[in-house]
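Below, chain A partners chain B and then partners chain C, in two separate complexes.
So, the complex of A and B:
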């Protein structure tokens, strides 16, 4: 059972939230950001090449042009592999844990798994970020010594930065699963 | 320690007023009067006149940098998104739970973020 809804990110870009329910205690929520636009790619390439041509006109050194081509190619590869995140997904399995996956535009996927014993709660927090106050979803990790304390905060959806309406949907889905572990008796 | 006017404060104020006028006139004399005239009066041990222009410029550039520095210090002191300082702090961790009394206003306390989230975002049926 999958459904997809459109939302906006904090900066106004269109994002899509896809919710899949695999079973009664397992849900997957994926936020997909906009793909790399051809017009921004051509704008960046033209800007770099125009600047290189201007330098070549000033310095009469043709190495500048080949250097500009190299820089554009290598910069594009680095951007797609290390910077541009296409999709961030959250897989919540009720008795097992939470898995956070980021998929980059080059196909690379980076995954983090947090077991359910360490998870205290999944909350929507608001904080100051770069001269703005944003809402962001985060996982609170339990402090082993102090049952009321929080040892660590893991922010989620850092690159797509959904707005509050999308975050509330994700929050409600997560809370439905997290509530089950209170009512179900702990076996371990 | 009230800010009301007192006779001693009036005297301090007048002494500062005279002192600052004296300092200003001295600065103008040092900056504008040619060195030969000052030497002929016997006053030879002055700093170079270069400093009459350099010090005000240093001061104004420092004020301009101070704006940028303050902005940068603010940005550095802001807690990052993954720090626990966005959720709690030492005072909230050590707060005491007061007992609930009937018909009394509840004591002020820091509400944990999980409770706040449940109240805001989960609709009560």
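So, the complex of A and C:
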């Protein structure tokens, strides 16, 4: 079953949270950010080409125009493939682990899987970012030597930066599944 | 706990039979390796599994039953399969059944001896057996830089499949009593080229080892160890690079098989790196010798050296006048300027003496580019060092003079204030000087102080020139290091067969149906290119740089000689 709700990100952009329950111990939470607008793309391209035409008028060298086209294309490809993240999703499978996926605008997906044995807890933290205080969700990883210690903090949803109301929904969903591993009979 | 069943995707269309694999009780997961088909004799199956267990050290056992019925579910078959659970007693007994072409299978477990009879959830994870078998898992480095080998549960699964290779050697054309289905059951594949290369590599390695032992014997002979020659070998970067490559060849040609993945990758990386190096070197050589470009190069060498010398002479004339409007001490200026001009004159004479032989020398030296592009670059760096030897000499003279002056000044400054450097205690102590000592000391101090700008200017100019040459040489060495240490085989493997280098796994949720177990697809998450380079970098003999910026500036200020690049194996001074 899937449901989708609209929220806002920390900077005010509209984002959408989609929750899917695949089974009793498996949930998928995906946060989708705003897509690339045609407006901003045209504005950037026009600005670059106007500047190139200005330079061409000054220098009478046609290489400037070809260079501008080349730069625009390469810049667009780099932006779509390495910078613009469309969707960030969290797949929580009880007793297997947590999988964090970022999908870029060009279709590339970068995935990290953290085994359940390494996950200590999923918490909401505060951080001071420039002049704001923002909330972010993170996974605490267990330190293998020290059972009470935390070896690493993995922040989630870094590019879409949802606000606290969205984070609370995600937090509740994750905790329901994480609690199951405490109530399940532990084998040594 | 939730029961996880790892099912190979190649067995999805297999006929009914029993499942064999490994049961990992701590994680409550069953890794299924193959399906044994009917008819079989249970005793023979147990014998076969015992043999496999002995060879692979993996505790393979019968885990459950698999029924693939094309028509309606047959009642008698299901009872028969349950009865099998009593013959091969395994706790829990897993029963998977597939009806027709349905994607959704039903999975159940039989627990006879468990205390709590509750229904536990089952997760069905499909995996590609061949890829998991060939892949090598690289667990991530934790904060302390250690690899968390034990904490990874997935490594147990990868390990199980990788070590069970002998199980996958029997295919369905074998005449044995056991009929298995796994990824290779349609026939074992092999490549003729790979087999031929394996056969040919043994005598090739032996030949190479023989040649290398001869070569290293020659290199180690006493003749080459006499003082002037050994000093020369240590200063020329070409000899270091050749020694480095010789070491690499020794690694490749050794007869011992690689023990683990790291050694195998290292050997492969060295081999591919050497091959590409030699190929690029031969390409460079063919470009140089076509249209006699090397002759043109030799012809332009002497005019270039002359031009550099002329520029230096102009520079010295400028320094001897009033450089940048500063007023120099005329006498000292003239002495230093004439001294350096005479040096340049000597240098030009030597170059002109050598000029008829330059073309021949360069022609033969250019032939050694076939040993590799790195060797050619090192030769270039050495030629630059030799051609700018006079700049190096000037730098040393200027630095020594300046250094003497600075030490003299600091010592006389202490005398001025009535203090003295105590060599025994390594500290500054107060001291009472006689009047004549004070008088001479003050006189000398004044002389040195007023002569300081002249010396400092010469020192500054020659240090800048020397730094320029050092930077050019440093860039060439950086390029050589890059070619030496880049793990090309690993990068090509990551590009073409990315499942071989795994950073982890990723799961994809397949279509679900209520009441059926959760279906996941486990795929291999390949290592990033940066991770590949970091893990498999070849070690080089250069370390950059020896001094930090602060100590470099301090040395420059005091006039101590700087050797910016440090080589491994050099004693620290």
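Descriptive notes on the structure:
Heads up, the rule we're going with is that the second predicted complex is superposed on the first by the 185 of 188 C-alpha atoms of A that agree within 3 Å, B and C clash if a C-alpha of one lies under 4 Å from a C-alpha of the other, contacts with A are read in each partner's own complex, and residues count from 1 in each chain.
What we mean here is this: a residue touches a chain if its C-beta (ideal position, glycine included) is under 8 Å from a C-beta of that chain, and two chains touch if they have at least 3 such contacts.
Note that the coordinates shown come from a computational prediction; the quantities given were computed from them, not determined experimentally.
Looking at the shared chain after the overlay, A:94 reaches chain C, while chain B stays out of its contact range.
Once the two complexes are overlaid on the shared chain, A:140 sits against chain B while remaining clear of chain C. By the document's definition of touching, of the two partners only chain B reaches A:129; chain C does not.
Once the two complexes are laid over each other on the shared chain, residue contacts for A:175 go to chain B alone; chain C is not touched. Once chain A of one complex is fitted onto chain A of the other, the partner contacts of A:153 are limited to chain B, with no touch recorded for chain C. Residue contacts after overlaying the shared chain place A:61 against neither chain B nor chain C.
In the superposition on chain A, contact of A:118 is made with chain C only, not with chain B.
Put simply, chain A uses residues 151-152 to touch chain B in one complex and chain C in the other. Considering their complex, residues 120-121, 123-125, 127-129, 136, 138, 140, 148-155, 158, 168, 171-172, 175 of chain A touch chain B. Chain contact summary for the complex, chain C toward chain A: residues 1-2, 4, 25-26, 28, 116, 121, 123, 142-143, 148, 150-154, 504-507, 509, 512, 517-518, 520, 525.
On the chain B side of its complex with chain A, the touching residues are 78-79, 81-84, 86-88, 93, 112-114, 117-118, 121-122. Interface of chain A with chain C (complex): residues 22-26, 28, 91, 93-96, 99, 101, 111-113, 115, 117-118, 144, 151-152, 184-188.
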